[in-house]
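Two complexes are shown next, each including chain A; its partner changes from chain B in the first to chain C in the second.
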Partner chain A sequence: MVGLSIGEKKFIQGGISQDLRADGRQRRDFRPISVEIGVIPQANGSARVKLGATDVIASVKAELGRPSSLQPDKGKAAIFVDCSPTAAPIFEGRGGEELSTELSLALQRCLLGGKSGAGAGIDLSSLVIVEGKVCWDLYIDGLVVSSDGNLLDALAAAIKAALSNTGLPKVSVDLAAAKDDQPEVDLSDEEFLQFDTSGIPVVITLTKIGRHYIVDATSEEESQMSSAVSVSVNRRGQICGMTKRGGAGLDPSVILDMISVAKSISQQFMSVLDSEIAAAEAAEADDA
Partner chain B sequence: MKEIPLQLSLSQTQRSRLRAALEKLQDLASKSTASVTVADTIPVNHEDGILKGHGTSEFNEEVVATVCGVVERVNKLVYVRTLRARYIPEVGDIIVGRVLEIAPKRWRLEINFSQDAVLMLSSMNLPDGIQRRRTAVDELNMRSIFEENDVVCAEVRGFQHDGSLQLQARSQKYGKLERGQLLSVPSYLVKRRKQHFHHLEKYGVDLILGCNGFIWVGEHVEPKDNEMVEDHQKQEEFTPLETRQHICRIANSIRLLSALGFNLSADKIVETAEASMFSNIAIKDILGAEFCVETAETELKRRVSKRRS
Partner chain C sequence: MGNTKVIAAVYGPREVQNRSQQINDQVLVRCEYSMANFSTGDRIRKPKGDRRSTEISLVIRQTMEACIMTHLMPRSQIDIFVQVLQADGGTRSACINAATLALAEAGIPMRDLVTSCSAGYLCTTPLLDLNYVEDNAGGPDVTVGILAKMDKVTLLQMDAKLPMDIFENVMQLAIEGCKAIAHYIRDVMSHLLSFYVLITPSVI
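== the complex of A and B ==
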């Protein structure tokens, strides 16, 4: 964690109350974002997102599995986050574990919805190949390479980009071969199905410092926060999940206000992210 | 306090303009220095008998570089001065550092050197300006002068026998820095000059270019003797908005220049900040694509005209 002197803390707090932050941004401005896709060739889809000095990588691995007996019509998806010790010395050894668990939980809540899979940003029913027999298991892994605040938003954006880069091989199933056992499957090497990412939400974290709240806080600003609310919003402006961090309590009216702000910001952020992903896809196509 | 890499989404024309400008800048620069990368052969005359210094190794009877940097020769000694290395202090350097811990009779400071620097209680002026022996009471009150995490400006006094680095702050211009922001840039971008303290009167901003690559940009404060008393009342109010705008503009100019790898001098920083003001660029857009390309091109023009004259 960064140590700041009292003078610097005052300067940051003053900047936020005067709507001019240390790097010249206003309270509701994001840092410039850059997206790279296809960074891990072994994965089905991967992306690297840089938000200022924050740098994260997300990868999607798909494996054939068996749906759980409780939900035979749905595939499975799991999200794990790892904090690299290169990002900060405190992540060394088991130091990053707490933060990793917190981030994975928040992302699961924001992207996967409830236990039943209802309200999930990732449409699990599209992962089923044969009901009750074969489905895709998605393993979504995030890696924090460099940490300068706002990890959750960056990770969510990276996962969204990685999923849009994901191609699931086309599967042909031979149902006649075995009736009650696992059916035989055949993976195509050439045909890939694009994953539908239109329903995947973005996460907007509003960090409350003093009497105001800001988006895309740097780690210096995060050290001054009283509480932070992360809202995940999909393309239609619906709230898919929420998490609150930080010890201080929030008035219900403030939370409602934050939600509506997050909703309006999310639409701008989504369009910026979409154009960045499109640019990254074009750049990748140029290279190939 | 991370060094901010530029995240530019350049358009096609901007990218080619930036590349052309940077390439030309490199052409202008590379004539004078012998820069090497890892495994480059360093030409030496073996008959003279040479001493291999830091960053060199012998391979197939040739001297090769083991680090990236610039080849330096001092008599028989051949070594490579690395780029992007940590700060190497010299006596008299003005540095900006952050207090890490308070030890008996001394503060330990982080100054981007390979070890922590030491500021002795006896090598700084007490806030009331009296020259006297430091008593045990002074020692107990050290936290009222500098606390942990405080940003402090000081001067390199010298190396002790055991190799530790000693600092001193024997003047009113040194001391605690408040109301501003600390930036960190690669230390080789800050060259040693006559003047490292700059009071930009037009903007009411203090700019301290620490030789160790830590740069302080903050609200101007008059150096005074007894600031201890009124300090606490003043802390309540924030920096005025106009001053803050200037601080942020100058800080972003520094970030841009260091990302482009240009040497940082007060003139250059102010020039860049004024250029951005002149062309009506918002403070946050200083780090944007268009102004970045423009700054690189301006610098190229300046260097070309300097070469001609």
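== the complex of A and C ==
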């Protein structure tokens, strides 16, 4: 994907082993992050996150639906990611599909937990309106507008920001007026319920290049990776999900080491992200 | 344009990827139009490659081909990607305007700027630049694309019947809209150019 000469490859690898990367960062530094929220007025919540030259948009749309019969006390949430061809020409047509699926599955695993919904960053039981009858279906859509590495972390941050921007209309359900099975539902235009987003984890991807691993790799650095581990960590330092990408094998002790590093970095990243989200919310309130 | 938001990206001119498509005396212009899942009021479930996007891709490609000086870049290819972030009527026009601006920024030689604007006719009044609600009200929707300086029409689409004299009015209105957009785009471009000169004084 990225065409690099031998010299450039050596430069990247050498820099990483000396803890000084091509853009002047150290191995465990993130690029500057910027967050905008409320970018898509038609959605219930949306956010745009820029991490260096990586630019992603996440939007949350809520629809009323029926809870699945296996879990009548839980709402549903699904994550879809789309790679726009504006980011890179290889995403044209069906070209981005493989990466899109990989990213959506990884995010689903890191943020929504397994099939049972246990360990989910989002409290699915808060989405239920009437048990077994009415619940919110959250459709979380990510769009990659510009891609310069570390898409997973940027998307997860955008989803977190979009969810904290999400307001679900207050629903009053008239069970008595229910004729057959479907109760009558009344949506309020004025009152909105805010989400509790404090439990939503951040995703930290550690990319292994040579003998070291780095955070927030650019696409040039990603082209040199042997493997990458994405760990999602919540505010309390608990690990909510993990994925490993890349072909090379990793020693189990290295993985444990990576997890503990990811855990300590995640707390810094979380506080940076929180302050960015708060600043974006303040900016939006000023506009309104 | 109002609540309609689109992004356009241009790649090229570059080597033709699929050799069988190469044209020996012209540049190959390709275009892909895609809509984000969240761009409309109701969520789109299967966005890629439906008939509507294929048609709009084709329309944009033909319109842009008319203004690019294709003979100057033989055996090469230009890709235009447009992505709709928010759709509120007039996506076709917005995409063409965005593509023009992106092509100009990419420094691709063009005869003129193509700009596009839609117009409709509702309740005996011609309307410029219909939004989603006006578009769905059932009246005719005329999309016009013109080469602004040369005063030539490169795109004309209409989807309902309309008496000839009213059509003339509506089309005139759309053309005026296009010219206003062309004026605005020229402003934006001169602004952009002065910015470039500012950051790299050696350009001129």
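Heads up, the rule we're going with is that the second predicted complex is superposed on the first by the 286 of 288 C-alpha atoms of A that agree within 3 Å, B and C clash if a C-alpha of one lies under 4 Å from a C-alpha of the other, contacts with A are read in each partner's own complex, and residues count from 1 in each chain.
In this section, a contact is a pair of C-beta atoms (placed from the backbone, for glycine too) under 8 Å apart; a residue touches a chain by one contact, two chains touch by 3 or more.
What you see is a predicted model, and the numbers here were worked out from it, not measured in a lab.
The superposed arrangement places chain B and chain C in clashing positions on chain A.
More residues of chain A lie in touch with B than with the remaining chain of the pair chain B and chain C.
Contacts of A:Ile40 after superposition on the shared chain: chain C is touched, whereas chain B is not. In the superposed pair of complexes, A:Asn234 makes contact with neither chain B nor chain C. In the superposition on chain A, contact of A:Asp141 is made with chain C only, not with chain B. After overlaying the two complexes on the shared chain, residue contacts for A:Gly93 are found with chain C alone; chain B is out of touch.
Residue contacts after overlaying the shared chain place A:Ser84 against chain C, while chain B stays out of touching range.
Of the two partner chains, chain B is the only one touched by A:Asp23; chain C is not. Contacts of A:Gln267 after superposition: neither chain B nor chain C is touched. Only one segment of chain C in 58-66, 130-138 or 184-192 runs into chain B in the superposed model, and that segment is 184-192. Shared contact residues of chain A with chain B and chain C: none. By the touch rule above, chain B contacts chain A in their complex via residues 1-5, 7-9, 98, 147-151, 176-182, 218, 235, 238-239, 241, 244-245, 248-249, 251-252, 255, 282-284, 286-288. Interface residues of chain A, counted against chain C in their complex, comprise 39-43, 46, 57, 59, 61, 63, 80, 82, 84-87, 89, 92-94, 139, 141, 143, 145.
Residues 2-8, 10-11, 13-15, 17-18, 20-26, 29, 31-34, 50-53, 146, 148, 219-220, 276, 279 of chain A are the ones touching chain B in the complex.
On the side of chain C, the complex with chain A involves touching residues 3, 7-9, 11, 32, 34, 36-41, 43, 47-49, 79, 81-83, 85-86.
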